[in-house]
Structures are given as C-alpha cells and as structure tokens.
Amino acid sequence: SSQRQNRRPDDNTLYVGSVQTSFPTSFMPWLSREGIAPTIASMLYNTLFSYDEETGLFNPIIGKEWYYVDDDGNPIVTEEGIIDYDRLEAIYGDPSRQYLAVKVIIHDNITWSDGVPLTVEDIYYSFDIGTNHLLSNHAGALAWTSDLRHNYTNGVLTRQGLFTYENGAAQQGYTIAEEDKDTVIYMHVNKVLGSVMPLFSSLLILPKHIWEPVVSPENQLNSASPTEETLYRYQNPVGSGPYVIDTERSGSQQIVLHRRDDYHLKKDDGSPLFNIETVNLILYQEINVAIYALLKGHIDVLDTAVSSNYLRLFEQEEEILISNAPGTFVQTLVLNVNPVNSERNPIRDLLRENEFRKAIALAINQDNLIENVLNGAGIPVSPGLMRASMTEIYNPHADRLPSDHQERLAEANAILDRFVPDKDSAGYRLLDGERVSFNILGHPGEQDVISYLEIQLQKIGIEVNYAAKGSQPETTFLYTSRFDMTLQGVIFSLSNVDIMYRAHFSALGRTSNYGRLVNPELNQKINTMRTTLNLNTKYTLIQEIQPLIADEFYKIPLYTSNVISVARTDRFTGYQVVDGATIFNNATLQNLVRVKEE
Amino acid sequence: MKKSYVIKRILYSIFVFGIVMTLNFFIPRIGVEDPAERYYPPQGNMSDIEYEIIKQVTRQQYGFDVSTWQQYLNYLTGLMEGNLGTSFRSGSPAVTDLIVDRLPWTLVLSVSTLLIGLIAGILFGVIAAMKRGRWQDTTLLNASTIMVALPGFFIALILSFYLGFEFEIFPAYTDPNMVSNFDWSLSAIQTVAENAALPVLSMAVGSIIGYAQGTRNAVIAVTNEDFILTAKAKGLKQNTIRYKHTLRNSMLPIVTSLGMSISGLIGGQVVIEQIFNWNGMGTLFLEANNMNDYPLMMGIMLLLSGFTILAILITDLIYVLLDPRVTVGDKR
Amino acid sequence: MDKVLKLRNLKVVFPSGHGIIRAVEGVDLDIHQGESVALVGESGCGKSVTSQSVMKLIESPPAMTRVDTIEFLGNDIKDYSAKQMQDIRGKDISMIFQDAMTSLNPVMTCGKQIDEMYIRHQGVSKKEAREYTIEALKLVGVPEPRSRAKNFPHELSGGMRQRVLLAMAFACMPKLIIADEPTTALDVTIQAQVLNLLRSMQKRHEMSLLLVTHDLSVVSNLADTVYVMYSGKIVEKAPVKALFQAPHHPYTVGLLASVPKLSDTEKTFSQIPGTVPHPMKKPSGCYFHPRCKFATDKCKNTMPPLTTLSENREVRCYYPLNLKKEATA
Amino acid sequence: MKNGDQTILEMRNVSVNFPVKGGLPFIKKGVIQAVSDVSLTIKRGETFGIVGESGCGKTTLANAMIGMVKPTSGEVYFNGENLYQLRRDAFKKIRRDMQMIFQDPFSSLNPRFNVYQIISEPMFIRGQDDEETMVQRVIELLELVGLSKDDLTRYPSDFSGGQRQRLGIARSIILNPDFLVCDEPVSALDVSVHAQILNLLTKIQKQMKLSYVFISHNLAVVKNVCDSMIVMYLGKVMESGNSETVFKNPLHPYTHALLEAVLDTSIKEDREQVILKGDIPSPINPPKGCRFWQRCPRAMEGCKTIPPENIEVESDHFVACHDVNGFPEGNFEEGYKKPLKSFDDDLSEHGKAHQ
Amino acid sequence: MKKLPLGKRLKQGVIKRIKGIGLFFKRVWSHKQGKIGLTVVAILVFVAVFAPYIAPFDPYDVADRTLKGLPPSRTHLLGTTINTGQDIFSMLIYGTRVSLIVGVTSGISIAIVGSILGVMAGYIGGAVDSLIMRIVDVMLVIPTLPLVIVLTNVFGRDYWIIIIIFVALGWTGLSRTIRSLVLVLKNSNYVKAAELAGASRWHIMIRHILPGTSHLLIMSTALSSAGIMVAEAGLSFLGLGDPTAISWGKMLADAQGGGALLFGAWWWIFAPGVGIFLAVFSFMRIGIVMEEIMNPRMKQTSSVYKVFKNLNSRYIEEVFISMDDHQKIGVDTTKTVEES
C-alpha cells in the first residue's frame, strides 16, 4: 500500500525496529552501555579481535595476529602456528614470573572514518587512558582493562605494561623494526589465560587524535560536566568500524548508519564485507507498537526478542520470517544458602541443607516448564549450568538427577520427609507449626515462571510466593540477603567462564553471589582453573567443576530460552540465525540481499 | 491596586516555585545516606572495589562531597543559570538539553489538547446551557457521566488499535521521521497534525466533556444571577445578554479550573505518549525512571511544576483582567 | 388620568418536586400616568413575582403564568413576542432592583452598563451614549460622573450603586418605573438620599411608579395608591392617606400598628400573631384567618372576594374594619 | 425602668482594631478601627441602646462587652471585674451571665441540630448531664418564647425567621444570664414580626430582670425600648445619655440626621428632611478630626483636624461636636471656625430642582 | 438523678451518626442515578469480598499451554490470557479487590487526613493555616502522576506504599474545600453562641464543625476513590504498580503487552476496561448525587425541568381556577361590616 512505500522509501536501507526506553545520544562507546548502545557502538568501532565461542579462537579485526611471547619478543607457538601451551607453562610457570607478555600485530590499512590512519598508538592510547582513572574516570574500560599490567596511581604511570615503537618498547627489550612501528604492540597481562579476552574482544579502540586533545585530568573522558568539545565528540563519533553514523538524520527516535566504503575488511571477492548500505534503527517504546510496525511493513527487522506467545501470530503471516535462535542465557533459581546471621531463620536454615536444595531441584520439570511458559521455545539446561553446545567444556556427567519426573517427585518427598517432621494435605510444616514457605523475588516479567514454580513446588508440599523486586533490589534485598529465593540469569561461556565462575561461586562480598555459597573444594578448583597457563588443563578443570556445582544445588537451572525474533522477507533475503542473538546481527548484515522485483 | 496585585501574585508564584525547587532537591535524597548510591545503584557484576571507586567518583562529579547545604546552594546557583544538572545517561548530557529537545513535542500535544478541549468544550457547554433540559443538554450530561469514568489511556489503546492499526485512518503511532524531518514546511506540519491526531483525540475527549460540563454549570449559575435579570429588564437583545453578560461571567470559574487542570493534563500525558510512541517529556520521564536517572526525573518534574505555576499564574492574571473585583486576597 | 398599566387576574405558580408554590393568585393592578403605586406585603407574598410579571420577566420554566390582560399604554402586551417585549423593556418600562451589588454586572463598568441602554433603545453611537450616561449620572447626583462611569460596581459604595441603577432606570425616560425594594439594602441615611431622589425624579418627569416594598414608612412617603398583598392575593387597595387613616383589612391594621414610631410612648408594640402561611400549604378560606382575631367560621371556609367599597378602595374581607372612620375622614 | 444605680458593665476607653490582610501571606496591610475610644456604663436592669449605621462598630462593641473580641486597648468591667484580666475558669464562669441574640436568625442555629439540642446546648456544655431536667427546662423556655413542646424534635429549617429568632432567644436565656446583648434582633425579620419579637424581649426582661444591650439602626425602636443609649459613627460615640433626654433634645447633627431618616407612617406633606450628603468613609483610614465632618451640614474648618471630645452638656447627656461644645482651647490655625460649604454642587443643584 | 453514663451517651451518639449516614444513603438511593451507583458498588463489593467463591479458577494459576489464548467459552467466560493461560474472568473478579481496596482505602484516608488538616487550617488559623495552605499550593502545582512515579521509585511499589502516596498527594483539594467551609462554619453565629455558652474548642470542633463537613467528606470519599482507581490503573498500566497483585490496570498492561488486540482477543482488553469504567462510574454517580443533594441549587435547576416535563396540565388548570374569586359581585358584605 502507499503508506508502506512511504515509510520505507529507500531501497538500500534496512529498517530495523528496536524496543527500548531510549536511544543513546552519545556514541562514546566506553560510556554507552545501556540498551541498543553496544550494538551501535559495535557498528561504529572495532575491537582488536572477535572471539569465536565455538572454537575458542580469536578472529582478526583491527588486529591481524597475536602471540604470547618470551622475554625477547619471540612468539611461543608450535610449528603450526598455534599457541604452544607446554612452552608457555614452562616459561611462565615459574612463580617469580609475574606477567604474560603478548605481542599484537595489527592491519596496516585501517583508517578512521575521518580518514586518519589507525596505528598502534591508537591502541596504546586506548588502553593507556583506560587504566588511567584520572583521565577516563569510571568509563567502561575500568573492568575490561583490569588484567592489563599497566598501572596509574593518581595520574602517574607507576608500571608500564604497553610497549610500542614510540613508547618504550626498546627500553623493555622488545625490538620493533622501523617499518612495523605502526603495527606492533606488546602488552603485559596478568598470568591468567583469560586475561587477553576482554582486552582483545571487549575494549573498543578509540582514535587518539580525536580524544587526546580534549581529555585531560580537568576534563575527563567521563565527566559530569563535559566541555562542549567533548560533547561534540560524543555526538559525532569517529570510529574504525564498518559503519558511520548519519548525525543529520539521527535523533531520539531513529538512528541512521551508513556503510563505510573504505572499511579495511572485504569479502574474498573484494566487495564490501557488509551488504547493507544504510541501516535505519527506529525506536519503539512498546513491543506492541513495534509489532504493528512490522506487520504494517514499516520496518524490515525487529532487533528485540519477542515473547514466544507471538509465534502463533507470525506463523500465519507469509512474509514474516521467524528466527528461533538457541539462547545462551541460562535462567536459574538462586537459593539463599548462607544468609548473614541477622537474616537467618528456621525456614532459611532449611535452604542451608544440600539435600533439601536437591529436593527442590528434583521438583522442577524443565521440559514441562519450557513447554508451558516458553511455548516450547527453549532448551533444558544441565545442573552444571553449561550449555551442551559448548562441546569443548560441557560435562554431560553433571546431570545426575533421574529423568523420570514421577520418580523425581517421589525422591524429593522422601528427602523432605527426612527433614521436615510435619506434613498435612497442604504441605510441610516446621516443628513450631510454621508452614514451609518461601518468597521468590522477581521482576514482574518473571511472574509466569514464578507462577509455574509455585505450582510445581506445591506438588512436593512446599509453598512459594511471589515477592516483587523493589526499585533497588541489590541494596534492599540481595546484598543484605533479605530473601529466600530469586531468579537470576547467567551465561557461562568459553569467553567468560573464568571470571563468572569466580563471581558466582567463589567470591564473597558485594558480587552477584547473593547467597554467599562457600565450598572450599569448589573454591580451590576454580582458582586453579583460573590461574593455569595450560588451556587443556583448564578445560579439564572446567569439566570437573561442573558436577561440583551441580551437587551444590545452589543455582538450580530452569531453562535456556530461545531468542525469537522476526523479520520481513518482502524486501531482503539472506537473514542469518545466530545463537543467542536476534536476527539483526553481523552475519545478517553481511549476507542480506535485496529481493529482485518482478 | 491592580498592579500591586499582579506583583504580589508573581512574587507568590516565585515563592511556590522556590519550595518546589527545594522539594526537588530533597526528594531523591530521601532514605539514602549516600546520594551517590541513589544516583548510581550497585550493579550485580561489579566488585566492591570497583563500586567504591565509582561511588567516590560519583560523589566528586556530582558534588556530593560537600555538605548538603553547600550542595543545595550549588543546585540553586545551577538553576539560576538554567542548569538542571547532569543526566545519568551515558555521555553525561545536560538535563536541560535533553528536555529542550522533547519539550516542543510535548507542548504540541498539550497545547492542542487544551485548545481543542477549551474551544469545543465551551461551545458544547454553552449550547447545552442554552438548550437546558433538551436533548443537547441530556446528551452532554450522559456523555460526561460516561467519559469521566473512562481513563484516557484506555481510550488511547482502543483508538490506537482500531482507528490506527485496523482502519489506518490516522497513524497508530508516531512516525519516527516526524521529528528529524520537521522543517516547518506545510507537509511537515501536516505530518505532525496527522500523527498527533489520535493522542490528542484520546486526551481531548475527556477535557472537552469536562470543560463543557463546567461551562454549562457556570452559564446556568450566571443565568440565575440578579444582574442577568437586570440586563433583561433593560430590554437588551438576547444575544447581547448571552455574550456580553452571561458568557464573560461564566468564564470566571472556567479560567480558574483551567489553571488547575494543567497539572492533570501534563501528568496524564505520560501514559498517552507512551502508548503512541510520542517522543515527548512523558516518555523521557519514563525513560529516566527506568534508568533511575534522578537528575533527569527531577528536572522534568521541576519543569512541569514550573509550567503549572506559570499556567496558574497566567490564568490568575487573566482572571484579574476578566474580573475587576479581584485585587487583593485570594479568589480561590 | 391615562392608564399606564392595567393588569388583570395575574396568576403565577412554581411547580416543584414537592408540590406547587402558589406565588401569585389573581392580582389586578392599575397604574395611572404620573401615579405612584405601592405594593406592600410581607416577604414571600408575591410582590416581586407580580412586579416582574408586568415586564414578563418571569420565565417558564420554572414558573407557570396565567394572565387575562397586561395592558400597557393601551396595548395588550400579553401576547407580545420576546422580541417585542425587548423593545418595551428599558425603554417604556424599567426596573430598579433591591440589591444593587448583585443587580449590576460585576465585570462591566457602570458607565458601560448605562451606555447599553442608550445604544439599545436610542440607537446612538458608543461615544454619544457615554455623553448621555454622564448626563444621567449627574442627574442622579453622582459626583464626578465622568470618572465614576469608568468604575466597576464593586468600586462604588452601596448608595452610589443604587444611583447607578436609578440612572439606568431613568435613562430612556420610561413611562413606568418598577422599583423592587429599592432601598432595603441601604443604610438609613443613604436610604433617605435615594428615596428622595427617586421621588423627585419621578415627579419631575411625570412617570408612573410601581414601588414594591415591605416598609410602610417608605410607602407613606412615596406612594399615591397602595396595594396590600398577603400570601399571593391583594387584600386591600386604597389611596395612601385613606389607608393610613382608616385601614380596612385586619392585616393592614395590624401591619400599620406594628411599625414602631417615634411618637409612640408605650414600651410594648402592637403585634400580629402567628406567621405567614407557607406558599405550598395555604389555609382554607381567608388566608389571613389563622392570624385574625375577628375570624369567623365563614372566614375559615371561604375566601372572601376583593370587594370594591368606594372608588379606589377595595378590600378582601367579610368584616372590614374602620369603615366609619373613613367615612368621617 | 431604673431599679438601683448599680453598674453591671463598664467600658473604659475601649478600642478595637482589626488587621487587614494583604494579598501576600504574612504581610499585613493596615487596620480597621472598628471601635475607637469608647467609654460607657450600663446599669443593672436597664436597656442600653446602641444606634448607628451599618459598619459603625456596633457588633464589635457588643462583642467586646461579652468577651468575644479582645479590645486592642481599654478595659471592660463586668460586675466590677476586668473581663480581660480574668483567669480562664473565672472568665468562663462570668461569661455564663452574659448572652447574645444574633442579628441573623438563619445562621445562628445549627441546621443539623433539632430544637432540643439547640436550646439545651449551653446546659450541655456546662456539663448538665441530666436529660430529664434539660428537657423540662427546654420545654419551659419554648413555652415562654411562644413555641410548643411539639417543636422539640423539629429542625430549624422547619421554622420561619421569627420563630427561629424565638429559638435563639430561648437558647440565650437558658442559663439565666444577667446581661443580654440583642444585636439587631429584628432587622432581618419581616415587619409584622418585629413587634412580636420586641414584645417578647420586653416580657423576658421583666420576668428575668435582665440588663439589655439593644443594638439597632432604627431610632424609633430604640426610643421605645431603651433607657440609655449611645449614637455611634465610624467607631466613635457621637452622642450618648439617657434616651429620653437625647430624644427630647438631640444635639449632634448626626443624631438629627438619623432621626429624620426614620420615616414615619404618620403622613406629613412635604416633610423637610436633612439629607446627609456622601457616603460613610472607610474605617481603614478614618478621617482625622471629627469622623463625621465630611458629611456634616454644620462642619467647620477645624472639624477636619481637631477631634471633638465627649462632653456632658446636660445631666446624663454627652455630645462630641465642636458646633455644640465649641472648640477646646488651643493654638489652631486661622479660620478653623469658618463653616465648610455645606453641600456639594451637584447635590444642592439637585436639591433645588425638586423644591 | 438519672445521669446517663458516658458510654451510653457515646453509644447513642454513634447510633445517631450511623442513622444519619443511613438516612443520607437513603436519600442517595431515592435518586435514580444514586440507585444505579449504589447498586453497582454493592455488586462490586460483593464480588470483591467473595472473589474466591465467585472466581471459577485461581487467577494466578498459569495453566497448560493448551489453555493459552482460549476464546470465551462456558468454562472460561472471558477466555484465557495468551501469554500465561490465566482465566481472564477470574482475574477480573480478583482485580475488583485491588481496585476497590486501593480506591476506597485511599478515599477514606484522604477524607480523614483532608478533614483533619482542613479543619485545623480553618479552625485554628494563623500560622497553622498558612503552613497548611502553602503546602496545598505547592502540591497543587506538582503534576501528580509523575510525582507518584518518582515516589514509588524512591519508596517501593507495595500497595500500601502506593496508597500512602496517593493519600499524601490527594488530601490537598479536599482540605482546601473543607477549610473554606470551616471558615464559614466558624464564623456562623451558632458557633459563636456555643462559644458564648462556654464551649471548648474541642466541643465546637466535634459537635459543630466536623458534622458540618460530614456530607462533604462522604462525597469526597466517593469522588476521590473514583479518581484514585483511575490513577492506580494508569500506574499499573505503566507497569509501576504493585507487581504481585492482579489489578485491572495491570490486566490492561498485560493484555496490551500480550498483543490482545492483535490476536483479536478484544475481550481481554475490554474486560478490565469495563471493570474500571463500572467502578469509577458508580463511585462518581454516588458522589455527584451527593453533591446534588447538598447543593440544592443544582438540584433545583435539573429537577425543575423534570417536573415540567411530567406536569399534569389538568391539575395545574384546576389550581389556576381555584385561585379565582368566585363571587366577585353581589356579596352582602357591607351589612355585616356595619354591624361589627
């Protein structure tokens, strides 16, 4: 119809709807971390490498290749050119060695979107101010650079960990040839294999020539009162990524991105890596409106996962493609296993019992849950909390509960009969007559899961009630351990496993370890896993950790839901379904082709 | 006398605004020891040390490292310069800038709602009052009993789906290009009008009926006044009486209620903007709320209160123009 | 003397949810050129309704009116349309109301409100109208009329406001002026000012005056002929002197006696017992009989008719008093 | 009715000012001098009249007498005790002897109370708990004021103005006061009812040996009812004394004007009237000197600035007027005795026109 | 003698009050509109109280996948929700509870707080009055819904917190009206009479002032309850209400979020809409009828027209004829007069 044409007037533009509360107004990638900002940042900026979850390898982006190196800067690699972990362990296993040295070589044909060539000085600058809080303030780099051994104290460089031709490589004993001066950089990182991970794949590289003139201790990168100059740069980004932003046409309701033709990565045939010339991101406040827009053909893709309930609606539409991508996000039920003393009570004391927790785990029927709550759009998760698709590290032995559900219920009741003396038709009671009843803290959106849990746990005689999360659950409930159970989503993957295992199962204090689980054995295993310099050993340890976690029943897995997203097929084809992502992703952008009109 | 009343009225508005400013400063500080915590609530994956650093920095950046009174003073001086503080959004945009961007679009809705409500409302009200007891009157009465009980957002939902989505009479939600393409050309204005149609309609229905009911009652009340009898006894023509004597006096209560209704109108717009994807202050406010962006929320509140104060002030001054009796004291 | 007004058998009722209020029950009224006629009676007896009916200002709803004749200057205006009435009102008959504060439009300057009269009835321009207005204000003794005309009603004192109303009423030199309790809201000393003014204006321009009041002393000063009303009916009609010297109806007698006089020497006042009947629950027979010490069974059962005793003297009583006294007068 | 010379109430130089609020909070604009410098003595058993135009301070003065309004300055002695220096309980006790009948019978009865509740309320407040006695007493009073036992459970809305005033009277005398202030008790009522109420008041006074303060603007009523009187104008006493004396020989021009404003039903052809010019000035900034000078037909230059004193011109007859008393000794500007032009132009013109 | 004990007197007083209120409702009932309002409210209250017995299903129950998005049928009168398969009819029934509790509790609390503050401002006057009225002026200019949102953000979203916030913001209008009424009552002569009789401030407040405002309070309770039900629905609709309870506003939000209209499940949107409408409508009716009862002028204008429509013209004619003087001439009066 005429309205359709009117709304998507440009043939080579991909119209993308996004349901967000707001669009970013600043495109300083280190600062914009809410909502769609990372997606946009990743189109405008690049990291050194990208990480392939399946293979555990780094794909080149800005960086061309990298190695662990010995003191002379020689790569520690096997003849095939892959990391030689045995030599690495031999060289660096010595406790007196305090760091790992890494050499990164970058592409030599990269330019910033303003035409200035990108050199290792930009890399140096980015990491350097990332570690210098006096310049960067608490901009996002804080967490990502924490493994880099490059330290500032009050704005003074106290330990150098980055070396380029122009910045101390020679002094440190790394020789860089004159012709490589723009492409080679050495880094010193903590002696953990995962150290390079965030440095390479998370930290977006900033253009030195843009930021150095404006960033100073007086006018920090992340300032509450940025100067006009800074604001201008926030709003008019200069990146090295495949797209540039069209600031003229972008606003609070839409963001327009154009493809850069001088992007350094090309397809094999020399054509641009990304097929889509222009991307028009449109903001919708509400999912319903976004779906209106898609149905009416005002947008091509919806960059927001929709609820599985909508499957029924879209299945009837011919021109709509549904992407039912496997998820990466594991929804778990977290039990408050070890509340601070002031928050202990007889009911919560039950949760301290491993067996009791097992009973709860037994009661949960994941298949049924997925069928009912997710309309089937999800997959079960093993108690080891690792997805089966992560073939390198997944341990199938972690799943040790019987699969027959009736059996499980019977076992659960048997356990409970041992723990709780009194039972009537409505369920178990404590000695003092108090009913065994827990509150589950949750967001309103999680209510259907919780309702399901209520019914499920009722079957084994335990009462569960929904308690809404307040506006600040962290301070009011979680850190004070003023809760019984809560829902928490986790992603354990190759890339983050050593950080996340530590955060969830061994660190105490104000972390996501709301329930303060302390298991010395697990703790020790995680530590070893984190610090080993041998990847194979590390993978083995991860596999060994999974049954331990499963036995704890501290985080009881519920499901991993699929990411359902939709796109119209009347203008473009070649959408790519990517795990854990919506159908608007890098692969899609590279693959989409315009439908030929008859 | 009159001049001094105006000055007093303005001074009093400033006084009220001062209190609102003060409240605005203190509300986000209710119940927290460290304002930095309210401004930057802890995130799950943050270590204690990181959080401490962030809090430290936040305190410094947002000036929480000085005494509360000093903070208050700084806040006031900031306000004097039109600085509503810094939003918690990335890139630390000034609250003022964010608001200024959205303000005109909110005003488009509220002002047109107000105008349509007033004009149509007064018209219908006068008709109903003139045709007292006849179908025009009873229709208004029945309509008003039904309308007051229907929340605007419910009407909006229905309108947006049926008129917007199903029958495509008006856009079901705002055209995202509307704002960026706006250039004062006729077609751009037409686009705005089309897009504003449903949101304005869903808000205006209620206010039309409200003002109509108010006008009707006011007109009837004035019709019973002695001076209307005098006017009749003078042999004045029906129309002279109606327009010169009745209407002007009937406007007095309408003007008073107008100022009061502004606050409700602005408040109700939050939901309507959300439903129609209209990028105004209402949606900005909800965005701010979702992000715990207190500076932005309080900035919007302050502005909305300021508007209301201004509206009440203006209506009061109009009232003075209309009613020479008000010179000192409070009419309300 | 020409008859300015001849009103025959005016009846007005107000139907309401609880019953029918019988406000006026068959009133006849005659006013001659230059004559001033007073309508006296207690509150609620129907004086205002009667006087407003003359101008056909009583609207239906809420009222229902029946009248045989309203003859004004020889024309029966009973069936005049609203438009025709508008031409007469203000020009040929005008009205002064009791409370000047509420009778003036509070948001219009006094001058403008008078201007309207000239613009409406004499078709003059606004500027001319203002000149006339100033003249009129001067005539009723408003000092500095030019600046006063620019004042709003609330800026004037009660006496001044009443003068503005007077100026308005006299603006077009009407044949008949109806004054509904023109002075009750005023202070005693101001009252005298206004009454004096009213009388002199009326006499000077040979106008007829229908004066509605419950204050007998006002009547004695202003009226030629007096109609006494009681509970919607005329109970007595007489020339003023005759009425004061020899009131025939027991109600009139009581009324006259109960007015305190400077010349009185006794400490007690003569009084009429009881209260006026409620307009919805009027007694049978003569409405006055429950308060009348002369009442007989006849009075209790049938309403006495209004009987003409002599020229210009009528009374609604089976047993009129003071008949002899009048004969001697 | 002079039984004994005992004084029941005495006021010495009483003034009452009311603040006038401005538009802004906390800011006062000025004061209304409602009563200024009034001294008077009321004897036991007598009826004391207060006459004056609306707004001249009659009600305020009465309120000051019974402790409802605290005077800005001056003292009030009731039965020899200074009212405003009494302790709370003593004050309460003494107040029991003073009552008031209000001008407006419509707002003086709580529309939610029935007749019994209204009349018995003072007893109820005084802690009289015994229902039976209260009912007895109320019925007694109802009959005294000409109503009946059947009215006990009716509500004020069922009564006419005159009947309501009777209820008010019944309530005011239930505690057997000594002193009753009647604030224009009939002015809101119909003419034919005036006499009823006035007679009732007289009857009650006789029965209960009450002292009355009787406020009115109608001199004819005052003349017949009162033993002594004061004439007030803009908060000041113009003339006062024994009412017979005052009426026989009214001296103040304002009293004259009031007397002549009383329209009598006795028909006189072309009564010659002194008509006061102008309006009552605002009490916020009352004229200096004599407060009456602007409207006074006998005003002189000096009246503008020199306030007249209240001087006893004959036994029990006081007048505050320069024309009567002559100016006091002092250094006045020249020409202060020169009469002011008596009428404004427009008024005199108009006056001529109709004579 | 026979002193009535205080308790008994109190009891009598209470009975009288209750009787008074009963009478008042009777007057509301006698009004057609009032009858509608009272009936609907009675039904809603009944539904709210007996919700567990009326609702055929547990509204919180997330049923089988097979039960999701069912159209209305005999078992599921209003069908089931698309996303969770909850029984919409049961949710509607339970929603009545939340709406009524929030509305009525807030309405009553507003009446209490508003009257206390209004009476204080009007009766005590002076600084107290200035303070309260300044607060009112300030509250008046702050847009309510945004302020409620901010406050729930600060204090949390439990229903009792939401109620407290509504009350904290809602009392202003009422106390302003109460204050002006109190100012009139305070200066009325019957209060003066009571003062003269030695009444304490308490006595006057309790016996004269408060009862004088009671009608206003009942009316305000009805009207503000209605207003708050709408406001609560709006808040829940924005997803800012108490997430644990089922309220009509939340049902609307769920329905909208679940794409009810897109799926053609219009009943899912309309059911809570009608619920809100009915509740607000009936409370408004009662409030407006009360206002009419109290403000006789309004009543007169509206009822006179009704009276006129239903007038029996024959009867009126008879009334007119009865006014005539039947025997105008020929009565033998002079004779009797001379005899007397």
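As written, the chains take the letters A, B, C, D and E, and residue 1 is the first residue of each chain.
The rule is simple: a residue touches a chain if its C-beta (ideal position, glycine included) is under 8 Å from a C-beta of that chain, and two chains touch if they have at least 3 such contacts.
What you see is a predicted model; the values in this text were computed from it and never measured.
Engineer: Considering only chains that satisfy the touch condition with chain C, which of them also satisfy it with chain E?
Structural biologist: Correct list: B, D.
Engineer: In the touch network of chains, how many steps separate chain A from chain E on the shortest route?
Structural biologist: So the least number of steps between the two chains is 1.
Engineer: If we define chain centres by averaging CA atoms, which chain lands farthest from chain D? Would you check?
Structural biologist: Chain A.
Engineer: Whole-Å distance, chain C centre to chain D centre, using C-alpha means?
Structural biologist: 31
Engineer: Can you compute the centre-to-centre distance for chain B and chain D, using the mean CA position of each chain? Integer Å is fine.
Structural biologist: 54
Engineer: Taking the mean of the CA coordinates per chain, how far is chain A from chain B in Å?
Structural biologist: 41
Engineer: Report the inter-chain centroid distance for chain B and chain E in whole angstrom, where each centroid is the mean of the CA atoms.
Structural biologist: Taking the average C-alpha coordinate of chain B and of chain E, the gap between them is 26 Å.
Engineer: Find every residue in chain A that makes contact with two or more other chains and list them.
Structural biologist: Residues 286, 292, 471.
Engineer: Which parts of chain E, given as residue numbers and ranges, touch two or more other chains?
Structural biologist: Answer for chain E, listing residues that touch two or more other chains: 134, 153-154, 256, 262, 305, 308.
Engineer: For chain D, write out the residues touching at least two other chains, lowest number first.
Structural biologist: Residues 25 of chain D each touch two or more of the other chains.
Engineer: So in the complex, which bits of chain C are touching chain D?
Structural biologist: Residues of chain C touching chain D: 42-43, 138-139, 141-143, 157-160, 187-193, 195-197, 199-200, 203-204, 214-218, 220-221, 240-241, 244, 254-273, 275-276.
Engineer: Quick one: which bits of chain D touch chain E in the complex? Just the residue numbers, please.
Structural biologist: 25-26, 66, 68, 92, 95-96, 98-100, 102-104, 107-110, 112-113, 118, 121-122, 125-126, 129-133, 168, 171-172, 175
Engineer: State the interface residues of chain B toward chain C in the complex, per the touch definition above.
Structural biologist: Checking each residue of chain B against chain C gives 133, 225-227, 229-238, 240, 244-245, 248-249, 252, 322-325.
Engineer: Going by the contact rule set out above, which residues of chain D touch chain C in the complex?
Structural biologist: Residues of chain D touching chain C: 53-54, 160, 162-163, 190-196, 198-199, 202, 217-221, 223-225, 247, 257-267, 271, 273, 275-277, 279-280, 295, 344, 346-347, 350, 353-354.
Engineer: With touch defined as at the start, can you tell me which chain B residues reach chain A in the complex?
Structural biologist: Spelled out, the residues of chain B in touch with chain A are 37, 41-48, 50-51, 53-54, 57-58, 61-62, 86, 89-93, 98, 101-102, 164-165, 168, 172-180, 274-277, 279, 283-284, 286-287, 290-292.
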